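Have a look at this one.
Letters A, B, C and D mark the chains as written, and numbering starts fresh at 1 in each.
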Amino acid sequence: MTTYLEAIREALWEEMLADESVFIMGEDVGAYGGAFKITEGFLEEFGAGRVIDTPISEAAIVGAAIGAAHMGLRPVVEMQFIDFIAPAFDMIVNFAAKVRYRTGMGAGLVIRGPCGGGARAGPFHSQNVESYFANVAGLKMVAPATAYDAKGLLRAAIRDPDPVLYFEHKYLYRRVKEDLPEEVDIMVPLGAARLHRPGDALTIVTYGAMVYKAEEAATRIAEEDGAEIEIIDLRTLRPLDIDAILGSTRKTGRVLITHEAPRFGGFAGEVTAQICEGGFEWLDAPIRRVTALDTPVPYSPPLEDYHLPQVEDIVTAARWLLAY
Amino acid sequence: MTTYLEAIREALWEEMLADESVFIMGEDVGAYGGAFKITEGFLEEFGAGRVIDTPISEAAIVGAAIGAAHMGLRPVVEMQFIDFIAPAFDMIVNFAAKVRYRTGMGAGLVIRGPCGGGARAGPFHSQNVESYFANVAGLKMVAPATAYDAKGLLRAAIRDPDPVLYFEHKYLYRRVKEDLPEEVDIMVPLGAARLHRPGDALTIVTYGAMVYKAEEAATRIAEEDGAEIEIIDLRTLRPLDIDAILGSTRKTGRVLITHEAPRFGGFAGEVTAQICEGGFEWLDAPIRRVTALDTPVPYSPPLEDYHLPQVEDIVTAARWLLAY
Amino acid sequence: MPAGPASVGPLFSLALGVQALCGYGMPDGSLTADDLRSLLRFMLLTRGLEERLERLLKQGEVFGSLYRSLGQEATPVGSAFALQEGDWLAPSFRDLGALLVRGLPLRDAFLQYMGRTGYAGEGRDGTNPPTVPHLGLLGPVSSLGTQLCALNGVALAFRMRGEPRVCMTYQGEGATRTGASHEGFAFAAVQRLPMVVVLEHNRWSFSTRSSAQAAVESWSDVAKAYGVPAISVDGNDVLAVYDAAVEAVVRARAGGGPTILVAETFRMLGHAQHDARAYVPEAELERWRKRDPIDGFERYLREHDFETETGLTALRDEVNRELDRALEDALAQPLPAPADASTRVYAEPESGIPPWTRTDPIGYTDLAQRPPATPTPGAAAGADQSDGFLR
Amino acid sequence: MPAGPASVGPLFSLALGVQALCGYGMPDGSLTADDLRSLLRFMLLTRGLEERLERLLKQGEVFGSLYRSLGQEATPVGSAFALQEGDWLAPSFRDLGALLVRGLPLRDAFLQYMGRTGYAGEGRDGTNPPTVPHLGLLGPVSSLGTQLCALNGVALAFRMRGEPRVCMTYQGEGATRTGASHEGFAFAAVQRLPMVVVLEHNRWSFSTRSSAQAAVESWSDVAKAYGVPAISVDGNDVLAVYDAAVEAVVRARAGGGPTILVAETFRMLGHAQHDARAYVPEAELERWRKRDPIDGFERYLREHDFETETGLTALRDEVNRELDRALEDALAQPLPAPADASTRVYAEPESGIPPWTRTDPIGYTDLAQRPPATPTPGAAAGADQSDGFLR
């Protein structure tokens, strides 16, 4: 059984073995092996030249990744927590994302880090930051839910010629365990959603850790209401696999979008807009969102549990949609 | 006649006269009067103690505004171009926006600066940044289209107890001229949209400089197609005046949302989602978006004109909706 | 002035109420025997508080992780002791001692990390020290380096109002590598703000040696780039720290601008609870164990006859009783009610609509109760809009 | 290696093709009479180029604004002249001279600011100097301080590959106040990268005096915070700048790490075209007018019999002819086709869907052409997904 965390680790390891232009930069990624031990043992295997411990300077780290990428290297940058991508915002949005468009010279790099709540980690170690970057052309964004996808998407992201933000959900690190096929060379192309659960009564579009809450809700509704919910795991947020979403919409006529980030200005808005544009006539009910509260992520367990979208919320919304 | 620029200037001036806790910080806002001369003469009138020239340190400027706000002052920060809000992203998103929620101590401050394209200013002096902040609870966002609103909203923003991002469109600075009523004390509350043009055939939801392109399109369609388009100028992006949007949706049954920022992950997504949630049954056609291309803002005139949403695009989309 | 963010000036007098616990020396830096005892007491309180928090974490009463200051207590305690009433302090995440010196009730310290109610924090952010306006305490956010930028604004307000108040903040050597730290230093320096930055050089930032953070010979070199004076001091000698802090505070209060106080110390435990600091050589730990700030200061107090062993034992017992009493009070406080999570994002009246999952399914009160479908027409651009949608 | 970002290594040999225009002295810093002439020529080219760009701006052939380097030309020219083939350079927005030295064709310089086609930039970003990989030129973005961070990565790549190549970048004194600049300096220093940072202290950042940017006595103090050597030099003396740059470049190439080269100079015009610099005292301007880098260097060349007045006149004429020829070529290039705006956001194949307003009204190719309504079912979490939606 391979955990979500080990899958990320394997992808990094294999890509570094396969391509010596791949290297890692981040805070405490070397001797310590990273805050979550993703890169444990990498320093010993690949040496300090390719596993680079940096000062606490997210902008400098991303900047260095950009320049190295320009020279044909394939940097993988670790943010100790994805929340700390914020100090590098300017470097990502104004340099990395726009450089190919401006100059023709691309910056193929990966910025990865633990996102998401449920760890009682408070407002600054629990955020989901995808919406901060959603309107920035030039970036790609990935948010795996399974170990298989965590591995396959990271390998694809490392080989991608453009900057990819890779959001790994810390809640899944050790909770998700899968038997990964030995034979196949696991590689998941960016931009392709995954049918997580087939159904015909309602489509739930989601990604990251919410895939599992959606699954729980779907199982309950199958048992208690006898309705089969289809779950689409986006896997890649940008480019968005609108074909997969519309295909399912046409089939079910009912769509629920759920993500862990707050509701206002969240990624569900873009999905809703694209469904309206491409599948309006197929809709038998309003598109609904189940999201976190429009607040920071609070620390105290009862507050965090209330802030985060729960299975119960998805069940309520799904039933409302099924009854509509 | 008062220009949009003078209206901003008047609001600042009057608030500084009315309340000595109001002060200005920014790069070259003192002797020079700001890159666009908004604060020209302020140094002479209010002195260096309340018109503070800063180093090129956006994070430090916003940080200082936060602390000063904690002490009961009312800082108004100028970003020389709103694009340069990016280096202050962390300070805004993680400090200013979350401090009341975390501690109970608010940070009533205003961050204002010129946004938007059409000035041939290239990728870094033309951006619309509202979407970078749309998912951040704790912030308010304002984008005036008229001189009246520019003045009224800035005064309200300065008096607001929470952090307000105030986006002034550089293209409107000197092009918008209005007779501002002498008698009334101009004050426009945050969170209230404005009916820019009444109509019954189609609702266009927009804000900022796009209000005028929408108006041009509406006039043409009134003349050439005899259909009356209703235009809602949001004025405030957060909190969003969903009641105004839904009220118009119920009346027209057709909604077009247009903004100058790129399409993917743009603010139109949130508006679409809320209309779907609250007004689905009133919709006689898909909600559509007219936006900029999903690219950075290019420099060369033919490229920028093609990148930016144009009147022609709105007309095309509106006709498509009217015919739907 | 319209109702807005709590103006802290007026509130400040409340601080008088906590003077009993709040500690500070004379403005001129002289210390009485009571002050010496007080310094030791605050170091003991800090260590005892953190030990209890660690236990609570293991018991599941404190969540996430915990950052201890074991072996560094003299730096926050000695420096904060140099402040006077009305001054403001912004700790980093490892400076509980400084907050206690400024009067943070032990009970509230427990509550912050236990995520319970009954104090300003209300369980919202237990990963950082609390913010207590009436004590002049500005809690940091996790993004390193940022609190200096925010505290600059407090100092700016002092100067604008002509108040002789001083600000003090803390930063690990690792945090000085952030852009926010640089912008904060530069801003304070060029504005000559009444600011004292305590640079806690504890040799490590997480698993990274300070030599890997910067190529400087001495961390006081950081000050040279900003044209401000630096004082380097043994961060494990509470009196040395206090004296240096007094010098810096007096200069700041006199309008002499910021000072960077470099405290040479050592982080004896891991970065946080989950870190066994296997990467720290035992010999290095041993060397610093001998320099424990509390042992050293107790020795000093005995050797100079300020304290007897029995007196010290009594003090330790008293400190433990205080802590246990405070913990009892804290344990008596409830966790917040879940629905409280949705409040206090904005000043009242709350803006925006309530999250739909907690109200009716479609996220709005019944459509029938909505405003008229046709909004009262507002005038077009340029005309008086007062009859627009304004409500 | 999978197809990806252009690896510049291989491309670099192309640079040989432009050697004719590209200028550099001997690695040991010695200069021939031809080199001296070349230095003057590049300064004349820079000034002439900017004069023409200014005219083009007024004629509406260049857009937005323009930042000139009048009076500072010796700094970018003298410093860039110390680089060798294979080195990389990241200018700031006022360093056209450095790009010319590195071989940027005059025609392309015109095209960049005129927003025309026919070179790498393709009219995308005329607010900044161009990026030309095969010449080792990395154009900046407008956010000040950031290009140092990016160039660090280029230097890092050189070191990882064991290539003895050096990087040079530029920063105004104002830009050093940004967090990005700080993080960039600190990173380069602690990684001991082969990096030379030319700090152009031209007394002003827009309307702000350098003394209001930082409280430092000398801008070389900035280096002290990073533990790297600084060299201060008369930025208007092209030979002094060159010598200092050679020292820094040689050290960097030998593995000695970064150097900060502080060039003392003065911005003779306003910040940009729209700025009449009314805030600059006339006396100050007068003082610096006397120190014009071109006049000074011509005097030097005459006095030391390297050039005669006739020779200089011939050179000026040749420079003007070159510039006029290049401008003609540039004017012959068309503006980009509007629809080109939508290309090159991502590497081919373009990701995402085309913007609907330019395709059919509903933003997609006919729904009939869409994939089957029911997607081929993929397995659930854990199982082999290879038959999921993967396409």
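By definition in this document, a contact is a pair of C-beta atoms (placed from the backbone, for glycine too) under 8 Å apart; a residue touches a chain by one contact, two chains touch by 3 or more.
None of the values given here were measured: they were computed from a predicted structure.
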Pair joined by more contacting C-beta pairs (A-D or B-D): A-D
Chain of greatest Cα-centre distance to chain C: D
Distance between chain centroids, defined by C-alpha means - chain B, chain D (Å): 34
Between chain C and chain B, distance of the C-alpha-averaged centres to the nearest whole Å: 36
Per-residue multi-chain contacts in chain A, two or more chains: 55, 57-59, 83, 86-87, 90, 94, 98, 101-102, 123-124, 137-138, 238, 240, 264, 277, 286, 288-289, 293-296, 298
Chain C: positions in contact with at least two other chains: 124-125, 128, 141-143, 177-180, 183, 186, 190, 212-214, 345, 352, 356, 362
Complex interface listing, chain A residues touching chain B: 83, 86-87, 89-90, 93-94, 97-98, 101-102, 123-124, 131-138, 238, 240, 261-262, 264-273, 276-277, 280, 283, 285-289, 293-296, 298
Chain C-facing residues of chain A, complex: 27-28, 30-32, 35, 53, 55-59, 83-84, 86-87, 119-125, 263-264, 286, 288-291, 293-296, 298-307, 309, 313, 316-317, 320
Chain B residues within the chain C interface of the complex: 19, 21, 23, 49-50, 52, 54-55, 57-75, 87, 90-91, 94-95, 98-108, 137-138, 140, 145-149, 152, 159-162, 176, 178-179, 181, 184, 188-198, 211-212, 215, 238-244, 246-248, 250-251, 277-278
Touching residues (chain side chain D, partner chain B) in the complex: 63-65, 115-116, 123-128, 141-144, 174-175, 177-180, 205-208, 212-214, 275, 279, 335-342, 345, 352, 355-358, 361-362
Complex contacts: residues of chain C adjacent to chain B: 1-9, 120-122, 124-125, 128, 130-131, 133, 138-139, 141-143, 146, 148-158, 160, 179-180, 183-184, 186-187, 190-191, 344-347, 351-353, 356, 362-364, 367, 370-378, 380-386, 388-391
